[in-house]
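First the structure, which I've put down as structure tokens, then a few questions once you've had a look.
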Amino acid sequence: MSELHTVNKSPFEKNSFDSCLGHVLEGSAVLLYEDGVYAALKGTATEGKVKAAQGVKFYALGPDLKARGLAQDRVSDGIEIIDYAGFVDLATEHDKVVAWV
Amino acid sequence: MSELHTVNKSPFEKNSFDSCLGHVLEGSAVLLYEDGVYAALKGTATEGKVKAAQGVKFYALGPDLKARGLAQDRVSDGIEIIDYAGFVDLATEHDKVVAWV
Amino acid sequence: MKFAIQINEGPYQHQASDSAYLFTKTALEKGHEIFRVFFYHDGVGNGTRLTTPPQDDRHVVNRWAELAEKHELDLVVCVAAAQRRGLVDDGEAERNGKDATNIHPKFRISGLGQLIEAAIQADRLVVFGD
Amino acid sequence: MKFAIQINEGPYQHQASDSAYLFTKTALEKGHEIFRVFFYHDGVGNGTRLTTPPQDDRHVVNRWAELAEKHELDLVVCVAAAQRRGLVDDGEAERNGKDATNIHPKFRISGLGQLIEAAIQADRLVVFGD
Amino acid sequence: MSEDIKNFLYLNRRAPYGTIYAWESLEVVLIGAAFDQKVSLAFVDDGVFQIVKGQDTSAIEMKNFSPTYSALGDYDVNQLYVEQESLEERGLSVDDLMHLTWEDEDEDWAEKDSIRVVSRAELNKIIEAQDVVFSF
Amino acid sequence: MSEDIKNFLYLNRRAPYGTIYAWESLEVVLIGAAFDQKVSLAFVDDGVFQIVKGQDTSAIEMKNFSPTYSALGDYDVNQLYVEQESLEERGLSVDDLMHLTWEDEDEDWAEKDSIRVVSRAELNKIIEAQDVVFSF
């Protein structure tokens, strides 16, 4: 079954992002939202982790990036920026949602 | 001025403990309480960090250790176990309290 | 598709209720069904009618209430969590000898079984927390 | 020695209020003075009289109230934080058109200046949070 | 109806007492046990601290809810997965955990262990098999 | 009275919007500015995100409180220390931050920068010099 994993905490503050990455299977998706969007930042330790995750698709919520002043060019390559409609679509397209709160 | 730093979050979950360690000066004290007492555990990555902190005195709150089932022999050498009276004393003996909430 | 929404945090302190609101609103706009919104832990604080947020900020509670009004949403506050945190309706006030209530009329207090039922009935459970 | 205590989280969800209570009680037993206990952020939730926690658990609000009664503690709830989260006294109810209050009589609502003043007057500020 | 039977996983990642999530999620498990779903619990990250034995909360004046885990077996909640990597990172082994058991009706009420220590890779397969994952 | 003048440090370690601590601590700073203490702000860890420029909260429907930082100079709050190591770890530089200034009455209202990027070692000395540290 395909899974949507959500991360809403900063990877610099909490272990949610790292823990999520340790538990995603190939073919899964990870959505970064709220303070979780900081994990999408280029030039950080998380950038390498995103790149290293085999067969996992990453998304970041645009409204949360914008709120925090993070323009699109700050976001690591390979992370797709979506809006709330995209969030809802991801939740429907995957068989379940796993929240790493 | 001498400082009492307090950490109340698990070092496995949040960066408070690491951040605190980066900001203590020699002659300061660090008190671990609430979920912060998990940083006192032997046989973990935090044990080495406690040992490496030069001239910093570490304390852990006994009531919080006991609540979490952590017996004294689980606590890293060099960490002194105190009760709430000891917590109050530490706060009076140091010039200020810095909380890494 | 049928969604169940779980919210673990109160209004303002954490973004959880905001994110859940925007998710719920968008899902409804896209034609999905929201089986229930379940407020647990500090999330019960979203159901008080006594908040007065700054005028230039969003009103988290009223916003949920208006969405519920428009789409007949079932906004359920967990009774056990509510008792610990002082969220009270008429029934609870009488049962526990309280001299006031603070629940917003668009919310209702009920048991944890409502969360389980929502997870069974819905196609997806989406959790918003700290 | 004179202490000021700041509490950033509500009752039950986080241990902050429990730790602050035990610290305050112990400091008083040791003969220290508590200049003020200031409840900020979700900490305002410690001041509601409407909670009914499980009978075999501690009653966080009443415990603070009893300590205040015994030692004439000044328990202050921040007004701005209280408005966002629905903690209301008579004055606030009138000002903001609310039909109920929920503050416990041993607590009072006041401004952030009370926190600053406490930090100035006390020898030590001790912060309990998440 | 069988079509209404789902695989429920409760994902426990928080330490007890510092926050209430561990306790209140246990209340959900107990209520949920009455609903005839297939229920599992996963203890990951600081969640493994929830079932450490010897908890004594008297000096922090909070309720010790850890004995409730022992009652789970009576509610037919007996699939408790503990992640090996999370234990190791915290300097713990299975001997530090409470001994939680259940009685197997199909085998003349034989007492069996509820806790199974699994690797992260195994746990990920278990998560994959679920219909609903609860997070608190 | 001069004996009542203390060195106050507001220690900001949280990102904005995900939680309210950043905003409500700013409210304390503004109120506190009326009390004639010596006030400094430190931005450490995710606290540096509070003063990133270009914040636009319209799509999350929350109030954008970041313009308030620009008003601090008018309240004589002009000692804003940003930790270099925290910036670097997050892939940021001072150019990513808002340009916050104050006008120096003693130098014919010359405009000066409020933000000073300091190393962790320098910040620790600044913390040492404080009488009171506020954490939120």
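Residue numbering begins at 1 within each chain, and the chains themselves are lettered A, B, C, D, E and F in the order written.
Just so we're on the same page, contacts are C-beta pairs under 8 Å (C-beta built on N, C-alpha and C of every residue); 3 or more make two chains touch, one makes a residue touch a chain.
Because the structure is predicted, anything quoted here is derived from the model rather than measured.
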Set of chains whose contacts include both subunit F and subunit C:
A, D
What are the mutual neighbours of subunit A and subunit E in this structure?
B, C
Between subunit D and subunit C, is it the same set of residue numbers doing the touching on each side, over half shared, or a different set?
same
Taking contacts as defined above, which has more of them, A-F or C-E?
A-F
Report back the single chain whose CA centre is most distant from the CA centre of subunit F.
E
Report the chain whose mean Cα position is at the greatest distance from that of subunit D.
A
Whole-Å gap separating subunit C and subunit D, where each centre is the average of the chain's CA atoms:
26
Where the centres are mean C-alpha positions, what is the separation of subunit D from subunit E, in Å?
35
Per the C-alpha means, the centres of subunit B and subunit E lie apart by a whole-Å value of 29
Where in subunit B do residues touch two or more of the other chains?
8-9, 12-13, 15, 34-35, 63, 96-97, 99, 101
What positions in subunit F touch 2 or more of the other chains?
17-20, 45, 60, 62, 132-133, 135-136
Specify, in ascending order, the residues of subunit C that touch 2 or more different other chains.
8, 12-13, 15, 19, 22, 41, 54, 80, 84, 125, 127, 129-130
So which chains end up touching which?
A-B, A-C, A-E, A-F, B-D, B-E, B-F, C-D, C-E, C-F, D-E, D-F
Subunit E contact footprint on subunit B (complex, rising order)
8-10, 12-13, 34-35, 38, 41-45, 47, 62-64, 66-71, 74, 83
Using the touch definition from the top, list the residues of subunit D that touch subunit E in their complex.
12-15, 18-19, 22, 54, 56-58
In the complex, go through subunit F and note every residue touching subunit B.
11, 13, 44-45, 85, 120, 123-124, 127-133, 135-136
Contacts from subunit C onto subunit A in the complex sit at residues 1, 3, 8, 15-16, 19, 22-23, 25-27, 29-30, 32, 123-130
If we count contacts the way the header does, which residues on subunit B are in touch with subunit D in the complex?
8-9, 33-35, 63, 84-85, 87-89, 91-92, 96-97, 99, 101
